[in-house]
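Each structure below appears as structure tokens.
Presented sequentially are two complexes of chain A, the first with chain B as partner and the second with chain C.
Entry: the complex of A and B
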């Protein structure tokens, strides 16, 4: 059997965090759950993760900054930005900084899983 | 009646105007900043309001060009406008036409800071009708812009507060319905489906209310920057890819690269976002396509958003662009929502001197085509 993929979740809202953690667990992923930008960045850079799902508005460091720093060190890591921000400018900025996918909340859990799997080459 | 020949002063008015000692005196007294230049944009008149707002006394600027570090307009993104062919005064004098919409730019204050001003311009003609100079009227709207930014921050926070709980609700209902938390019996499934549907309606309404609030709070000011519309559309189209995939729609994007235009990128993204999200929302099977190209002959950019969705009957084609069309006509479309989306699209496109065309009939899908003036940097033949 293939090694379980480790997914980083950066989400400060506990119920959304638990939701994603639960769903990814069901789908056979291992989850590294974090609830602020600083903690997320540390985990992203120091741990052997396979992909990251990152919220934008988070304490200490926002998701866009986290994305920027991840891109500087791990240009290939699949990153999904998952946020309530739906302005064209926000989307533009995130994609320009190298997000692989931009999803707005509320989102469909099945779609998130699909995007993640497709970025990991599992679809 | 021909616009050029329209009398603008009644016969009574002429006698009143004749009794005005001189026009410059009158222009001196108004609270808007007014200055007049010759064809080389050398300043020949500078009123007191200009002095107050810019810090420059008339004697310091007369005979200088407004480009000589006097106003030196830049757009909101910081790009140079002054001394380029984007200078509003230059355009007005070259075209012999006044500006259609006031422009928001940043002018230089004597102390080096930048002031946000709303500018309108008009060419000045001599008795023979030849353009001999230009007049620019501007007013300081820095405070208004500050207020606008505060409002935008408020709506962004409000949006976050409203959508975070909805995200949880939708997500957990998704899990329950997918059986991720164990099997549901038929009644449980029915009830949870009902909650899910209602939650979706609520989410749609909140989206539109926030959209309307955001639109209204900033409607007075449009930025005018040169930007790459192709890039904006590509990014926007990509951000909807997952939504289209969720409904198994054939989603095609054909955008000619390098379409440059002058306008408010964020606003246009909002308009095209509305068109694309509508196309996906009202199409259950088939396709949604986004195309953009450029007509060199008339320097127009064409963006078409097509779908194979439910379509709109001919008699409603005008009404769909009216505000709250759907609220006042419940049941016109099965999906929830207040119907502000297309009103906003129309309004934004018009503010860019463009137009929206609709081709649609029930069951045959819809095509929304937007035409916008291009800003081709290449020389035209």
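Entry: the complex of A and C
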């Protein structure tokens, strides 16, 4: 039986976090949910995560910093960045640092799942 | 003691001002207090609602059980405030379930009544809410709102109709937005894009009918075709520009053949939008000849033609790109040089030759692009 993939969610907005957790759970993923950058980084580096969905604006450590440190230790880990439409410089920076995909809020959860599955080679 | 009359009046004025200031500050404090208490209550409710909502979506609660919890709060604005972010992000079965919950809890009926409220704000909010909930039964009410003289209502109705995705309202919404001077072209395009990719089917059918490669079959397609035929007060090129921009926005590949045919008789403004659409879609129709547009009279067309050349890689167009290195407009020279730098060895050789053989704008831009490529 194929191992359930573990996805890290780093999102400080509780409703967005809950929604993504719900959707990914429904799609058969296991979810490790965090609400700040420090916790997210710890989880990403210490746990056996298969992919990460990281919000840019988070307390303690922002998503860009988290991504930078993840890339230093786990360059192959698929990462999707979440950001607001107006922050073009965040998108640019994230892609330069090696984010695989980005999604602007508000997004359709189906699109997020499709992107994730595509990165995990499930599409 | 008898006070000087002027001093007396001054003292009275000071007392009145002080009194009003204190009342004003007290009112602010009380309002803040009520607001905080309200927010505290809202947060407490939403903690319960979260569990109920997701429990319902996951099948742990029935529709009736979940709706009863929401109804108990007796506050539809709060209910919508909580549900709105989820409604806007959910799709498929999850959206349908969430909408069913809204209906069962009475939220939809509440906002339908609010569409006829006296307050402008309430009516506008109702229009947007019903749109977000894709309540197509409210389409006729929202279409009626489009005819309002109040721009707030028109905007709310347009946003509501677009959010609902009901393409039967697409043509009328387009005409209304373009007819009013308080909507910019870009603003209208942004609102209309919320109708979703379904609108692209109707637009493509209308373009195909216009170019003789198809027929407009349903009322929406026929209305759009009427727009393109100039059957109202808005110039056809405005409709063409808007519709083509929407196709590009959705990267609607299926429209490429129609766009290719349209290019044959498009005016310069429409041509700019066609080329922009190719750029956004990331390809051109098979066999599309870009060469005539590389020598077009209008510099903006030349500019975009140079940018989309890469989708054809037509080597016969290289001399035309070379000519554009001396174009009067910097952006045309820049994009022509970029195209040549991506055209393989032939293009690069041509650019290098320009830096040595000629002086002036062509040499400058060639040198600039070659240096840029080295840096990257």
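One rule holds for everything that comes next: the second predicted complex is superposed on the first by the 120 of 123 C-alpha atoms of A that agree within 3 Å, B and C clash if a C-alpha of one lies under 4 Å from a C-alpha of the other, contacts with A are read in each partner's own complex, and residues count from 1 in each chain.
By definition in this document, a contact is a pair of C-beta atoms (placed from the backbone, for glycine too) under 8 Å apart; a residue touches a chain by one contact, two chains touch by 3 or more.
None of the values given here were measured: they were computed from a predicted structure.
J.: Aligned on chain A, chain B and chain C: do they clash or fit?
T.: Superposition result for chain B and chain C: clash.
J.: Touching A:114, do we find chain B (first), chain C (second), both, or neither?
T.: first
J.: State whether A:91 touches chain B only (first), chain C only (second), both chains, or neither.
T.: So A:91 only meets chain B here.
J.: Give the label of whichever partner, chain B or chain C, reaches more residues of chain A.
T.: After superposition, B is the partner touching more of chain A.
J.: Pick one for A:57: touches chain B only (first), chain C only (second), both, or neither.
T.: After superposition on chain A, A:57 lies in contact with chain B alone.
J.: Considering only the touch criterion stated at the top, classify A:30 as touching first (chain B), second (chain C), both, or neither.
T.: Neither partner.
J.: Now for A:16: first (chain B), second (chain C), both, or neither, which partner does it touch?
T.: Touch partners of A:16: chain B and chain C.
J.: For A:42 in the superposed arrangement: first (chain B), second (chain C), both or neither?
T.: Neither partner.
J.: Which holds for A:103: it touches chain B only (first), chain C only (second), both, or neither?
T.: Only chain B is touched by A:103; chain C is not.
J.: Select, from 152-160, 224-232 or 368-376, the region of chain B that bumps into chain C once both structures are placed on the shared chain.
T.: Clashes with chain C appear only in stretch 368-376.
J.: For chain A, what residues appear in both contact lists, the one with chain B and the one with chain C?
T.: Looking at chain A, the two contact sets intersect at 15-16, 19, 22-23, 26, 106-110.
J.: Over in the complex, which chain A residues touch chain C? Could you list them?
T.: So the residues of chain A touching chain C come out as 14-16, 18-19, 22-23, 26, 106-110.
J.: In the complex, go through chain C and note every residue touching chain A.
T.: 50, 54, 57-58, 85-86, 88-92, 94
J.: What part of chain A is in contact with chain B in the complex they form?
T.: 13, 15-16, 19-20, 22-23, 26, 57, 84-89, 91-92, 95-96, 101-111, 114-115
J.: Considering the complex alone, what residue numbers of chain B touch chain A?
T.: 156, 159-160, 163-164, 166-172, 174-175, 178, 180, 203, 231-232, 235-236, 238-239, 242-243, 245-246, 265-266, 268-270, 273
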